[in-house]
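In the two complexes that follow, chain A is the common piece, with chain B as its partner first and chain C second.
Now for the complex of A and B:
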């Protein structure tokens, strides 16, 4: 009988740390982003932008600090996540700076240069990532805070109700002196922690205590409780904060995690039915949601009449005008979208200026982030880690889909920001934290199990042959 | 837990796939529709991003481009002598769109025409800024100036045609507007536009092509042509069967002449010379509606003309009784003609009966002045035989030499013409329109036919007869063309 050191989990066998791969990819990411920045300057003014050095150094610093932190605190972490996030963040900065230069955009009343702020937010985000890696030695620690997470997440979700609506949606809170904050972005991480902790404990009850009906396992009535609560909560968010995106995100997140935890397809069926019922119900008596649905069904019908339709129509025209290869950075007119062109609608600038090819590449980058997250979930060895990793990457995937689908007219538009590239402090900070947690889980998953100390017993045990 | 994880992974993959499919849908399949959508401002931005091609008269551009002051449109249109050329060029405005040649030949002028594809492709490599092609018109600068100056501050219009080709030589309309003043996108442009729109004198109406006036006595040349063509009379110096006074058929009313002239049984020549209503009214009644209509339509009546700018259809009514036909045949009742139409009538007579299709665009060129398309003269119809045309010419020359049109005489040149004074309004209460149509003829045929109408309500009733007001303008236009010929 030999000592078993291997588990069958993917990637656990003698995994190389891959830190040098990450460094190489990071260099690529920074170079691409700096090129994009220079490209904008050349297109707009015919010269390299004066801020290029500062921008390049800033981004290099962010990437370098992130890399060193990972090398030190999470040596076996996934090598792709950090470069992907850096690349998206870097391109986002170039795009935001490009829109800052737009005269049309500057003429708006709401205009404020966003690029420098965004760089600072990115720095805060990377600092948070470093903090997560430093302080969170093992993601399972988070399990202890299951119910605290629930309370915090609820507070974060409910808070915006007490603040005035901005452009029809209550998703911001205003802290004097600090600025506005989108608590939903942070809530998505914290609520994933809560769901993971909760489901890990309850999954057996939810999975096994069920009746079979028409080939499906139906949960017991009392086990429906949690999903009903979450459903009601997301409906409340939708009604009181008129925020379709966050509502969809939370409910989707819960259904996905519930399914993973219990392996019961019936939850998905329930989830879909409930979200459909909720969406239809709210859409029929909530004019704001109704408008968005109308704008989605025929954006050009309401052109010039309805702001929501016009925004979608302008966004679609920006995409269409980009065509196959785009106009080139700085040479498009995506700023015609006006308000929110650098936040919710920033993908339209990608579409117009980088074209179909550029946008597909961009979406594939997001796809890769999601894929690395899911892979981390697969590789994780503990159920809590699995649930947390799939929860975070699922939330990321749903957010990307909801935002990109919204601005491209695939689904009704919701007020959420594209992770990493859109201007907005909360979003970029929260997503860096999300990447931090994924890095931590992947590190734990891929770290080779410590070689067991030679047992003194082993030597002394004698095999006695008959 | 890995089985549901793999399924979630597939689900996430499907979400990304859905996005990728959607991107291809809007940026490839629907890209063109969206890029050219009427609400897409990029279309307009692109349109004004380059200097527009020019409209050319006598080898010189009458249009130009300058950097725009406001907004995201880089260039805006300028016009030299805008009011004078407006009936030819039309306008192109960043706010209001465009019309006439500016609109019809927009693809050439902006450079998006397929025939300019090679130039565009070439300039992509050479780095040249894309430029539009040019539209070279048939107009004659001197004739246009004579027409515009001649009309002066009065309301009216002039159309002049080269009878042998149909090429339009002058096309003036007053009062006019300056298209430069509405070319931009500023509040001032909008204000100017509104001012023009509200002006009761309708300065933006192209009277030469779009306004139909009762042609009055000038229509008598058509009636004469009908009489000759339908064999009612053969010799222009034979007496006609024209009693005086003559009572309108089925009516109790006499048709009266303007003044005491030898109109009783007057020959066609004399009748035209003195513009006898009784003679031509009776011809109309004798020929009847169908035959008059046939001849009028051969001259282009009841049909829109495209030169290529649209000209309104002139009217000679169908289904009229004899009295109405008689009145219509002297250019009253509801007969109406554009100045262009009357110029066409004159041109057909001067060109020995052959009516050429009128046109004002000689050729389209690329930015390097290489010809893309050239208009070749085209025959439209033959309203009268060469012999009858010559008879009619003789009659019209008599009008100028001895009749009502003496003020259009040009020494050393044969000129034929016809005056007209069209009354209108309830009981003829409004000031009449003064008409004059004429052609000049040299040994090389006729180089110019012109129609002038002046709707001046400041003039005296006496002065307004076509011979007094309109004939001098026609004379100046003809002289301008003749001078160029030398």
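Now for the complex of A and C:
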């Protein structure tokens, strides 16, 4: 295994598959989630909830099926992704069930118990993960569908424009008999496939043909084409769907991948300038976006008048009342936030009931998922896999940032859901699929290289004696 | 439900949540894979690099049973004279070949060496053996020219042309 050159010794580290580590972590994750569920029941009713067994078994089943699928189809995949996703999903289920139990929440007209539905959606998501692992034997197959995925992603992004706005944003489509769907969640995966395929081919042109100016590499005018097109599209989304989240995710993802593909800082500078200009420009004439920005700038000014700013104000109060260690699961008043408390604003419940300590732990869990994604990208040997892994973890990161930032008042609030913990079928299903693709890439990246067959020249040298 | 129980559960849940994060980070810490590059040069770096091979569970699990080392068994092979002076090769239970051929483990740049000059391998008990592969100018252990495969004592010089190799702990 060792080769000696004049200066260094290079040896391969044998990578074990680490499936047993994953199994132990999964058991740990399920135990934590069941603990959360029981804790909520004890706090609310003084007894263990009756659904605890069913909930625990359901989550165990999901984790078990996911684990077996990884063992069978991606034996060398990253050991952390699946347990992290399971834990986030499990805690999310417990929090959603907790909000379902709230009297104030039940009094809302829009109320419908969401926990059972969410468990079913999670099951669909895990089934999709198994499907991805089973059918996608090699992530490079996706590379063949670069331009098809562009078309599909555009259709998914444009489709909601033809459906009526819900709460001021057009991000849902309504399929009769099936329910509503948020196509943007699926579009983020498909668009990452397109960006990786496209940038893999074009990266040299975008990276090398540039002039140096003030310490930055400025791209040529015509190479600005793609970024301008994507920018225009995301502005159009912002104008017609009035959804800052999708628009930011879409554009931010492109800038991240452009930067990774070309190693040029100038793209980031351009991207930030363009998105700032676009957002400010649209906010000046689009009333829905304008309202969101006002609510962000001074949430307490519109308290009692504007629903949007009242929600943010209540969410900020929830974070505040949580303090350092929180009020304890089931003992907060985050249900005051109203109808989106279990989806967009679920992080406020985390902040109030688990406090800063718990919130930081949750954000670290998200950070670890992203870290494993980036690690996968570093380890991947093919450029397409590298870009895809970066794109998927980048999309995940941007989504977490946009939602968490919006709920905490760092940036204007957008209509996106916290991956895995928020109630919402599309989000859970799409994020499980995203984890599936990351598992597939990491399996390819970490699988040890096959041992080369002994070459016929390996016989001993015939020595000619003088 | 008493106030105390709820407080204990509240703090207990936070503790368990953080424990998970810490365990996950520990898994990342021990999750090494890919290639390892050992810089040639001072003896300090060489010994620092040799240590993880003993402690790293992964290598031990992956290596063949010969690597279950007895106390005092050599862990590395050091070139002490010749053009390659300072080069070390970790002994991980695999055969080390020496010669001018490019696919040798240690490629000797030495006019007196043959293409396939000698090999060093562990026998079933983990004892390292040096065997001359019919070289033109011979392999010497201390002062004696080798005719049969011979066990190598720790620190004994193996001479191939101008190159001297030793096994060290």
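The rule is simple: the second predicted complex is superposed on the first by the 441 of 466 C-alpha atoms of A that agree within 3 Å, B and C clash if a C-alpha of one lies under 4 Å from a C-alpha of the other, contacts with A are read in each partner's own complex, and residues count from 1 in each chain.
The criterion applied here is as follows: a residue touches a chain if its C-beta (ideal position, glycine included) is under 8 Å from a C-beta of that chain, and two chains touch if they have at least 3 such contacts.
Just so we're clear, the structure is a prediction, and the values are computed from it rather than from any experiment.
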Contacts of A:21 with chain B and chain C, given as first, second, both or neither: second
Which of chain B and chain C A:319 touches, first, second, both or neither: first
Which superposed partner A:424 touches (first chain B, second chain C, both, neither): neither
First, second, both or neither for A:408, with chain B first and chain C second: first
Which superposed partner A:46 touches (first chain B, second chain C, both, neither): second
Partner chain in contact with A:371 - chain B first, chain C second, else both or neither: both
Which superposed partner A:359 touches (first chain B, second chain C, both, neither): first
Residues of chain A that lie at the interface with chain B and also at the interface with chain C: 355, 364, 371
Residues of chain A that touch chain C when the two form their complex: 1-16, 18, 21, 25, 28-29, 32, 35-36, 39, 42-43, 46, 79-80, 83-84, 87, 325-329, 331, 354-355, 357-358, 361-362, 364-365, 368, 371-372, 375, 379, 446, 458, 460-461, 463, 465-466
Touching residues (chain side chain A, partner chain B) in the complex: 103-104, 256, 259-261, 263, 300, 303-304, 313-314, 316-317, 319-324, 333, 336, 351, 355-356, 359-360, 363-364, 366-367, 370-371, 374, 377-378, 383, 386-387, 390, 393-394, 397-398, 400-401, 404-405, 408-410
Touch list for chain B against partner chain A, complex: 1-9, 11-13, 15-16, 18-20, 22-24, 26-28, 30-35, 37, 39-42, 45, 72
Chain C - residues contacting chain A, complex: 1, 5-7, 9-11, 13-14, 16-18, 20-21, 23-25, 27-28, 31-40, 56, 58-59, 61-63, 84, 87-90, 92, 94, 96, 99, 101, 103, 105-107, 114-116, 133-136
